[in-house]
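Next come two complexes, and both contain subunit A; in the first it sits with subunit B, in the second with subunit C.
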Partner chain A sequence: MITILTRYLTLFVLTLLVLAALSFSLAYLFPGDVLTNLSGITPQNEIQREALARQYKLDQGYFFQFIHYIGQLLSGNWGYSFISGLPLRDEIGIAMPATIELSTYAMLIAIVIGIPVGYYAGMKGYTTADHTINSISLFSYSFPVYWLALVFILVFSLELGIAPLSGRISLLFDIPNVTGFILIDTLLADGIDRGLAFRDALHHMVLPTLAIAIITTAAMIRLTRRSVIDVLSRPYITAARSRGLSRWQIFSRHILRNALLPILPLMAIQITTLITNAMIVETLFSWPGIGNWLIQAIYQRDYPALRIGMLAVSTLVITLTILIDLFNRLIDPSREKYERGTV
Partner chain B sequence: MAQFSLYEEEYHPSPLQRTWHEFRGSHVAFVGLIVLGIFLFFSLFAPLVAPHDPIAQNIDALLIPPSWEVNGSISYLFGTDALGRDVFSRIIYGCRVTLGSSIILVLLAMLVGVTIGTIAGMMRGVRSSVINHLLDALMAIPTLLIAIIIVAILGTGLVNSMWAITLALIPQFIHHTRSFVRAEMKKEYILASRLDGASNRQIFFNSILPNMIEMLVVQGTLALSIAVIDISALGFLNLGAQPPLPELGAILADGLDVAYLAPWNVALPGLTIFLMVLAINIVGDGLRSALRKRLSH
Partner chain C sequence: MFAGFVRRCCVILTTALCVAACSKSPQDSFYQSGIVYCSESNPVNFNPQLDTSGTTSDATSHQIYGRLLDFEPDTGRIIPSLAESWLISDDGLTYTFQLRKDVNFHTTEYFTPSRTFNADDVLFSINRWRLPSHPYHNVSGGRYPYFESLGLAENIASVSRINGYRVEITLQRRDSSFLANLATDFSVILSEEYAQHLLNRGVPERIDHFPIGTGPFKFDSYRKDHYIRYQRNDNYWKNEVTAEQLIYDITPKSSLRLAKLITSECDAIAFPAQTELEIIRNRENLLLAEKPGLNIGFWAFNTQRPPFDNPDVRRALAFAIDKNTLLEAVYFGSATRAKTLLPGASWAYQADADDTAYNPVLARKLLDDAGVEPGFTMTIWAIPVERAYNPNAAKMAELIQRYLADVGIRATIVTYDWTTFRRHLREGLHDSVLIGWSADNGDPDNFYRPLLSCGAIPSGTNRAMWCNNDYDKLLNQALQTEDTAQRKAIYQQVNRLLYEQLPIVPIAHAYRYRAYRDELEGMTINPYGGVRFGGVSKAQ
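What follows is the complex of A and B.
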């Protein structure tokens, strides 16, 4: 147990170091002035430039610069945006929760719908019901997410007019940013009709969440179905059957938990796809999340923002992945280290 | 007791032939293969199939609806866009750009991934463990993020977005190759060739690679569907292929300006991407289940 924890902790720290090194080297790789890329401040005169260079230890070797950079990151001084001039930490603090919120709801939908449907399809393996579910999931798995979101906007927002086009909440509501999760923030806000605001936020959230969730749900169904079918062909299921257990008993005692094990590490991979899809959908719905923020940053060539945004998103994804991996390893020590299921 | 003589059977299908036989048994997979074949045909012979020049603008024919609408024209099968360009020709050329670049980048990612994966799979000890774990962790970085970084360093363009997606696809090939090589190295037939004095190189090319090809084909189709979606997504976000170049995602983004006026400019390119990805996924699915059936018999 301790060994595993140490291993994963080392891995985590190492990966973060690699990411920080990447992010640091980006300041040199991006076009333009290194000092500006690193700090986000364009020096007005030579004296200010000297001072900034000293502050960022640019007069010393790369290694010391990097050490200093990590120190700055840890102390929360992430530099300033080119465009808005605001501290990047505050901007990311607003954008990141919006993306996490969107992805969390999509993932919840995928788990709540995808896993039971996958179990059902797997238990009915190779029957008409299974084939239907499998084809539908293959179908929805193939949608390019931006096109799906566009079709949603065209049909539901423009043609039918039953869903709002963009944003998180109607501009009539002034919601202070407390947790960053709009649904929680509306309930915490003072001086407004909370029920109305909550319903409005929910209304704004339906289309983007659905666009992401459809693809993730399809992937989830396929993963679960495959896993259940694999478990069904194991000898211990035959043994259980020959002992006279009913279908339901076999399902609840042997299949339910065993089939979940190989799904977990694959869920880690799904998180990457999920975040990518969320980032693309955000730009279409003008959702103020990290994807939208990063894509605006690349359009405006805001290099300090890109440097930190890349670090923040990859840290989030990698933390989640490693946590899921660790959890999987802890609950299933019999598993080989590198083993992963298939779709 | 089963009465059969192995050597008197008239027909001895090779493993590949048996997989093909299983694959053909599934009608859906076969239809998928035909659709994919049509797309490949379009990409290879785009200049012969396309009725118009994909970038020639025609001021006399702006926003003509598709031919099945009342005021559509048969000479513009899928209608025209806001600059009078023929949407059908653009989509045909778009297949060429999108599918062609995806195939190239998947092959490239496969080559690099298999090379590194094999080395990692044959290596042992702490060094290999650290590299493996790091690669696994870095595999989790989203493609879009890598693409944004590469675009920031090198600038926008189809080739740069191809580099980004290649880079993002490599880790998964490394991962699968490594696990496969690891598992194979423990088997007896490898031990036998090792006892015969085969070097690592010979073991890889003569024993492991032939067994790995099917896995690579399956992984390749998976990667291809991801590549098509990502290339067009980057084109759509204006980070990949730049407009006159007919790339399906870029065509879709072009149509966005007139989406309300001329919905076919958004619907048709999107439908093409969807069909392409669906065909690739169906073929990949069919291949996987054919392989599974063959191995389980």
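What follows is the complex of A and C.
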């Protein structure tokens, strides 16, 4: 157990170090002044410039600069956006939870709908019901998320007028950013009609969440179905049948758990896709998340923001992937203890 | 079994969508308490004295601040505002203003005023841009482009306080457009008490980012690229029905603004694109107000760069383009052809002014005579933002590029983000630029002086970098008289001079549009300057 944890921790730290190194080198690779790319501040005169250069240890070798950079990252000094002039940590602190929130709800929908439907399709393997579910999910899986979101906007917002197309909540509500999760924040806010604000936030969330969830749900269905069909072909199922167990008994005792295990690592891969999709959908729904924020940064050539944004997104993805893999390792007895951690 | 399952899923999904969808019933009074305006861009700061861009004055001038005088939207007449009345001496040099009493400044989280508006505030607001020695003059950069472009500071001899509610301004020379200048979006009144308070705390620059004014709304919060939030000023001196909240939802894409207007996420939008006007007209619950605008879109040559310093070259380029095609392709008929700087709405408009005509053969000949060889390359800078006077500068630049190719000139189109664009323009890095001007008051001087006078080069509104002493002399002469017929005659001479020199090619005067939902009450178009939401509310 300890060995496994240590292995994963080492893997995690090493990956982050590589990412930090990449992010640090971006300051040199991006066009413009290294100092400005690192700090987000354009020095107004030589004195300020020297002070900044000392602060970022630019007078020393790359290695020391990098060590210092890590220190700055850890202490929360991420520099400033040179477009808005705000600390990047605050900006990401607002944008990141918005993306996580969107992805979480989409993942929940995908799990709650995708896995049961997948089991159902797998149990009914190669019947009409299975073929129908399978083709529908294949169909939805092949939608580009970009297109799906646009169709949603066109149909539900512009034609039917039943859902808003931008933002997280009507701007008339002044919701202070506490947790960064709008649904929770509406319930914590003072001096407003919380129920109304909560419903308004939910209302804004429906379309973007569905646009992302549909594709992930389709993926879940396909993964689960495949896994169930695999389990069904195992000899122990045949043995159970020959012992005269009922379908329900076979399902609950042998299929349910055994089919779930292979799905977990595949879910980790889905999370990467999910976050990518969320970032695309954000830009269409003007959702103030990290994807939208990065697009703006690219558009405005805000290099300090791009440098930190890239690091933040990749850290999120790596963390989730490693956590799921670790969880999977801890609950799956069939995997050997000396197996190495993977990203 | 399977069909049943699918049916159940559908039912669940539809219900979820409906629960969420039906939550926003239009009857809910909360949604009626505030107005959301989808604006096109971020303000540079919250003090229109410091910036001539329409975005800044839209976000501040009529919302947060008040002015001594105002324009009546329908007639353009100057009417009292914070000054209740005024007197002009016989020699036209001394103006005495009687100020309104019991006008409250905003009480906000960051400032609580202890006194009401008085003469000190007027002195502070004017002296800030007028006197380089003023403690606030250099706060936030020390540039006051509007006043600089008009040379107003040099013309004011003194501003003095007679008593708490009476102010006297003395000019060096007569200026018949002086009152009009005090009524523009830029001549806002700041709070002297607040300025003193900030100075004592050592943070004077906050005055331009956390504004305090006397206007119908007080500033609440601002997040760049997202929103500006205002609360109603309950102590506003004018008795108007105004919404409790005003929110600027910053939405740079014009199509997205329209989409939000349709889904009622915005109640009013800035700059609907010309291509979208039909859609708005055809929608039942959307209104489109239009008025001929006080603006001009033009093509300016950098007259300090050869060969554009030669009037014949400029004339040749003017003959090379077909203005009517530009009007149709870029404005879709929502503009009139410009002959001079002044639009038809101005009293000094000259209907029979000379205009250039499309004549590529003549253009080529003039170029040959001036020694500009075929294959000559130049740049056309196109503004990166939509403006009423030029809704699509990039497209116009492409059309002009093709016209110029016909006369053997290779043009490249240049564009940057708005801030960089304006900085480079000021530095004079362009050969020619497609830009324009929205006037701030109905006075002709407001077109001629900021756009082409020598004094407007350093302030960055003279995009042609053109300086002509005869021109400046004529403009000054026009301000010496109050007689409009006499002034009109002088402006006709100015037009003649401009036609001979062609530092800029006037292209179009665009209509002004504002699109809003029909439940907004009290919404008007103000041809003289920015949008105003005082007195606007939603039908209950």
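In this text, the second predicted complex is superposed on the first by the 334 of 343 C-alpha atoms of A that agree within 3 Å, B and C clash if a C-alpha of one lies under 4 Å from a C-alpha of the other, contacts with A are read in each partner's own complex, and residues count from 1 in each chain.
To be clear about the criterion, a residue touches a chain if its C-beta (ideal position, glycine included) is under 8 Å from a C-beta of that chain, and two chains touch if they have at least 3 such contacts.
These figures come from a predicted structure and were not determined experimentally.
K.L.:
For the three-chain model obtained by superposing on subunit A, do subunit B and subunit C clash or fit?
P.N.:
With subunit A as the common anchor, subunit B and subunit C both fit in the superposed model.
K.L.:
For A:Leu88, select first, second, both or neither according to whether it touches subunit B, subunit C, the two together, or no partner.
P.N.:
neither
K.L.:
Please indicate which partner A:Thr132 is in contact with in the superposed arrangement: first for subunit B, second for subunit C, both, or neither.
P.N.:
It touches subunit C, and subunit B stays clear.
K.L.:
Could you tell me if A:Ile280 is touching subunit B, subunit C, both of them or neither one (first, second, both, neither)?
P.N.:
Only subunit B; A:Ile280 stays clear of subunit C.
K.L.:
On the superposed three-chain arrangement, identify whether subunit B or subunit C touches more subunit A residues.
P.N.:
B
K.L.:
So in the superposed three-chain picture, is A:Ile318 touching just subunit B, just subunit C, both, or none of them (first/second/both/neither)?
P.N.:
first
K.L.:
Touch check for A:Leu306: first (subunit B), second (subunit C), both, or neither?
P.N.:
In the superposed model, A:Leu306 contacts subunit B only, not subunit C.
K.L.:
Go through the superposed model and pick first if A:Leu158 touches only subunit B, second if only subunit C, both, or neither.
P.N.:
both
K.L.:
With the two structures laid over each other on chain A, which partner does A:Leu294 touch: subunit B (first), subunit C (second), both, or neither?
P.N.:
First partner only.
K.L.:
Mind working out whether A:Leu196 is in touch with subunit B, subunit C, both or neither, as first, second, both or neither?
P.N.:
A:Leu196 sits against subunit C, while subunit B stays out of touch.
K.L.:
Please give the least Cα distance, whole angstrom, that subunit B and subunit C reach in the superposed model.
P.N.:
6
K.L.:
Once the complexes are superposed, what residues of subunit A are shared between the subunit B interface and the subunit C interface?
P.N.:
158
K.L.:
For the complex, give me every residue of subunit C touching subunit A.
P.N.:
1-2, 5, 9, 16-24, 28, 30-31, 33-34, 36, 220-221, 224-227, 229, 245, 247, 249, 251, 256, 259-260, 262-265, 417
K.L.:
Under the definition above, what is the set of subunit A residues touching subunit B in their complex?
P.N.:
The touching residues are 11, 14-15, 18, 26, 29-31, 135, 138-139, 141-147, 150-151, 154, 158, 233, 268-269, 271-273, 275-276, 279-280, 283, 291, 294-295, 298-299, 301, 303, 306, 310, 313-314, 317-318, 320-322, 338-340, 342-343.
K.L.:
Under the touch definition given earlier, write down the residues of subunit B that touch subunit A in their complex.
P.N.:
Listed in rising order, the residues are 28, 130, 132-134, 137-145, 148-149, 151-153, 175, 178-179, 182, 222, 225, 229, 232-233, 236-239, 249, 252, 256, 259-260, 263, 266-267, 270, 273-274, 277-278, 281-282, 285, 288, 296.
K.L.:
Subunit C touches which residues of subunit A in the complex?
P.N.:
Where subunit A meets subunit C, its residues are 83-84, 86, 113, 117, 120, 124, 128-129, 132-133, 153, 156-158, 161-167, 170-172, 174, 193, 196, 199-200, 202-203, 205-206, 286, 288, 296, 300.
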